[in-house]
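Next come two complexes, and both contain chain A; in the first it sits with chain B, in the second with chain C.
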Partner chain A sequence: MVEEKFDAIVIGAGMSGNAAAFTMASGGLKVLQLERGEYPGSKNVQGAIMYADMLEKIIPDFRDDAPVERHLIEQRFWMMDNTSHAGVHYRSDDFNEAKPNRYTIIRAQFDKWFSRKVREAGATVLCETTATELTHDTKGTVIGVRTDRGGEAILADVVVLAEGVNGLLGTRAGVREMPRPETVALAVKEMHFLPEGLIEQRFGLKGNEGCVIEAAGTISRGMTGLAFLYTNKESISLGIGCLVSDFAEKMESPYGLLDAFKNHPSVKPLIAGSEVKEYAAHLIPEGGYKAIPRLYGDGWVAVGDAAQLNNAVHREGSNLAMTSGRIAGEAIVQVKSRNLPTTRRNLALYEAMLNKSFVLKDLKKHKDMPALLHTNSNNFFMTYPKLISQAAQNFMRVDGTPKIDKERATTAAFISARSRWGLVSDAVRLAFAWR
Partner chain B sequence: MHIVVCIKQVPDSAQIRVHPVTNTIMRQGVPTIINPYDLFALEEALRLRDADGGEVTVLTMGPPMAEDALRKALTYGADRAVLLTDRYFAGSDTLATSFALSQAIAKIGETFGPPDIVFTGKQTIDGDTAQVGPGIAKRLELMQLTYIAKIASIDLDAHEITVERRSESGTQMLKSKLPCLITVLEGINEIRRGSLQDALRAARSEIVTWSAADAGIDDLTKCGLRGSPTVVKRVFAPTGRAEKSVQIDTADKALRDLADELIAAIFTRQPALEHELACDGA
Partner chain C sequence: MTTAVTALRIEDKLFQNRYLIDAGRPHIKVRPHQTPSANLLALTRVCPAKCYELNATGQVEIAADGCMECGTCRVLCEASGEIKWDYPRGGFGVLFKFG
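Presenting the complex of A and B:
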């Protein structure tokens, strides 16, 4: 029998779990954190881009010792067809600031650092320990967890579910559903190692400057998906993700898509000569606002991916995870400091605080976007990228055709592919979903 | 009963690679583990303690990061962990290592009670020498039981232990006086999953950390590089040999013909052997 009782038990040592555990331990609570992996970060997969502002709100001086790779000075968005890409690039020397805004990170290293901070704040962190079951009292209030190490349950006033997208513990306890195939994406990624100097040369970088490319188009073969390429210090992370339901319907393999992306003429020269050292896959919650399950109940709260808090439109996940973890931690510290019981009613403070933050505001703003992109995936990820590429090529190629004819041909191509009504309807629906 | 288990933090050899150009071992970024052979020693110590009472102290010598290995040993259920760490120990070979460890064990004996048994694994997976265990036994003048496949019985009143030792000719039953040093063979047991209480205790335990001076080591010339006569001249990856194996087609052939063909194939490669065998026959 484990007789001692904790103020809070945090399930998982990813971004949201670490943020919650750090915030609560710093707030003077007695915190236990359970992580199934061999060490924090060993099971965690992300692109990965880390947003400084959200981490600063937790650990203001993180830049002193956090293992970051490169700060980003350039962002490229690519619309790809099979042989070309049309792109919007934004690069600014303004991003070379004293406190840069975005960094690439390698999660295995970053999470170890974050976990050390959590332990230094006073939390007890147990790795290789899987929480298997939430335990309830007779009234249904969550009072603790059981682990795969056997024995009695460990008790706590509140359990923070930071267990990631699959959320087996919460699902088993019936506080949420298994994610549905149409609300999660499956992403695969590889780490390509290249000498530092070569990366800087290929992307026109110096020092710790970094560049990211995010690409959509025929590479996802008509499915709702996105590919990415991030520069680390001595490696390039690249990957692609599509909705699980699309993979199932189109019978495509994630690795096949990744292979095609790597061999695309726009990508291949960027990674030429690299050595692949890691291959990873991960589920990403993409259902947006409408897929968010209950965020709290009697004796529990859910944060990060476990609460489906991911902004697929802006490709932001870890900052929503960190922020929801921090806010949950702050709410729990407040409830405990007022000596209130951790009931559903009192923990509602977490959702109230989250509602005021960018987390739920952003997700609410784009609540119709996932459905739109999904139902019209073939238009947005196949037809339009091809049309845009053709239009760009038509515009660039000088072959004696009068300009007026070229422009007519481009217009005709759009209308023939989508019809006038279709074009207007896509534009209006996109605008409404974005609004 | 007090049992000391010596463990070593080693690079996970399953994930280690040799640099194709320089032929040196690429240690960077390779995860570390407890030497797998040491886990059999630890589990055997924990079982003896669980059966007969007492304490298990784990000891390692290494850099400060070796604390991770000790904490893991505590998670499995060890009662106490001692880290021997000092820059004077850097570059130790088996002679210097067994010296430092034997001094630390003596100090553990003074501080926490004299050990009845010192356990080590058969060998480490990074050095593969199997010399440190016997080195400690010799220095501490402990009975030495190597390659032990089973602890048959232990009689604490009579200070006696009976073990099965695997040797080339078979299994030996050995009875020894305590205290003794036992090096344990693989497969003797399976490391347990530590309980939640042990995991909690491990996460919060202070690791006893000793420098050379703390461990009562005065003669630093016997430590580290200075105390290590062994010199690694070269590390290299073995290259494949040009010779190919000979395959004999067995289809539709009588056993006797196959045997003749096999012998002929061997003699073609080893002409000297044919001559020798012919002489023996005569």
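Presenting the complex of A and C:
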């Protein structure tokens, strides 16, 4: 077992942990990273879309060898009812650039690559090792961790909690709260394999171009939720997630929702004939700015999903994870290079730096969105999608009804479902939460 | 949809996955109880691996072999003490091939 003392121990080899470990090791610190999976990525689940800018700030030349799937040239937002979808699509050849902005990735492969970079930067990565508790000195400062390999605690000046949304160490030690059912979503996902050419044909793609669909509506059965379909090179990642509190209240089964989404007439032809090779489930932090726990303390910092840093409105998680991991790493390198102790006071630098970044700025901007969407889920995820589908169908279907009568019927449907006041109030609240 | 069909389907799904089971050391335990709380009962529907089942006498039981370690049950039932949740030992549990 490891006897010496480290500058930093990183718990977890996901996006935030790898970013933190890489940054600190590159900054000359002596870093130990613990991962409970057999290999980095074996416990990690994501859609997954990776944003290039945030990775470039850590590994500028990642495109040379990172296992990315497709760069995205098209985004489709769908609002679905049981038989239809109304959509906003954006596709642009501008996204076919030398350094594309967004890629689909497969996490198990990507995380292995990222971990190799962490080791090349000089960190020690120990897999198949579950950290079981934080150890403290008599003043309550975190001084290391114990693992399921037994033996003495491994000591470090600072512990980086990159243990993910379902992390045990921080909550057990009482340094951060357990996520509440209203602030996390449960998402389930399947990997559907199809020949590369068939994916390109079905989505109108060539080469490494990719397309993603994100969908809301009656597919979540009145719960706050979102479904997605992402094209990889030879597979399609497809899933759906809803708030845990909604699942529990409605007693819905996640795989029931997933199967209904797969069998929706708009989705079924896209995955027809595929071979499913994996079924995964994962929690996603959804509470936004107001659910962020303490980010640092004496001898520890929390990054990524472990700190609930996820932008549910923009469906961004891994970039906030990478960025918070990098910034925590940079802050720790600064503290250590000035020979300062890793006290709460000195580690406050991490939060100060994070406040200046897009991570906390974006979450602050949308701080009221979770409450709005979570308390009005039936309106936003059931009533409006149905109304929009009816309106669209009314508009398209030519059946001899005078247009003026059709328009009146559409208006009447909106008013009878939500009332004039309800419509105005929903619009105003949405606008205020968004601004 | 009948329970039998649902159960069959979820087993089919989990069959795709790779697990290394730590035999005799389940990482989740349900506290003995007479009547399950609403949250504990909800796990029989909400658990994405259908690990939780209601037995013939009305208690919730767990078979954690198919667990994907998402933490949904922990979020719903750990605070009340109805379940005890640990990570599997290092290297054990679900091992995602793709994630």
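The rule is simple: the second predicted complex is superposed on the first by the 432 of 435 C-alpha atoms of A that agree within 3 Å, B and C clash if a C-alpha of one lies under 4 Å from a C-alpha of the other, contacts with A are read in each partner's own complex, and residues count from 1 in each chain.
Basically, a contact is a pair of C-beta atoms (placed from the backbone, for glycine too) under 8 Å apart; a residue touches a chain by one contact, two chains touch by 3 or more.
Computed from a predicted model, the values in this text were never measured in an experiment.
Trainee: Using the superposition on chain A, tell me whether chain B and chain C clash or fit.
Mentor: With chain A as the common anchor, chain B and chain C both fit in the superposed model.
Trainee: Scan A:Arg180 for contacts with chain B and chain C and give back first, second, both or neither.
Mentor: second
Trainee: Which partner chains sit in contact with A:Glu234 here, chain B, chain C, both or neither? Use first/second/both/neither.
Mentor: A:Glu234: touches no partner chain.
Trainee: Going by the touch definition up top, name the partner, chain B or chain C, that contacts more of chain A.
Mentor: C
Trainee: On the A-aligned overlay, A:Asp426 touches which partner chain: chain B = first, chain C = second, or both, or neither?
Mentor: Neither: A:Asp426 stays clear of chain B and chain C.
Trainee: Once the structures are superposed on A, label A:Val125 by its partner contacts, choosing first (chain B), second (chain C), both or neither.
Mentor: First partner only, chain B.
Trainee: Is A:Ser253 in contact with chain B, with chain C, with both, or with neither (first, second, both, neither)?
Mentor: Once the two structures are laid over each other on A, A:Ser253 reaches chain C alone.
Trainee: One more residue to check, A:Arg149. First (chain B), second (chain C), both or neither?
Mentor: both
Trainee: If we overlay the two complexes on their shared chain A, which of chain B and chain C does A:Ile106 touch? Say first, second, both or neither.
Mentor: In the superposition, A:Ile106 contacts chain C only.
Trainee: Contact-wise, after the overlay, does A:Gly41 reach chain B, chain C, both or neither (first, second, both, neither)?
Mentor: second
Trainee: I want to verify one number: the closest Cα approach of chain B to chain C after the superposition, in Å.
Mentor: So the smallest C-alpha to C-alpha spacing between these two chains is 7 Å.
Trainee: In the superposed view, which residues of chain A touch chain B and also chain C?
Mentor: 128-129, 147-149
Trainee: Touching residues of chain A toward chain C in the complex: what are they?
Mentor: Within the complex, chain A touches chain C at residues 36-38, 41-46, 48, 106-109, 111, 127-130, 147-149, 165-166, 168, 178-181, 184, 186, 188, 190-191, 235, 244, 247-249, 251-256, 259, 276-283.
Trainee: Spell out the residues on chain A that touch chain B in their complex, using ranges where they run on.
Mentor: 2, 32, 124-126, 128-129, 147-151, 154
Trainee: In the complex, go through chain B and note every residue touching chain A.
Mentor: So the residues of chain B in touch with chain A come to 75, 193-197, 199-200, 203-204.
Trainee: Would you mind writing out the residues of chain C in touch with chain A in their complex?
Mentor: These residues of chain C touch chain A: 1, 6, 9-10, 13-14, 16-17, 20, 38-39, 42, 45-46, 48-50, 68-72, 74-76, 78-79, 85-91, 93-99.
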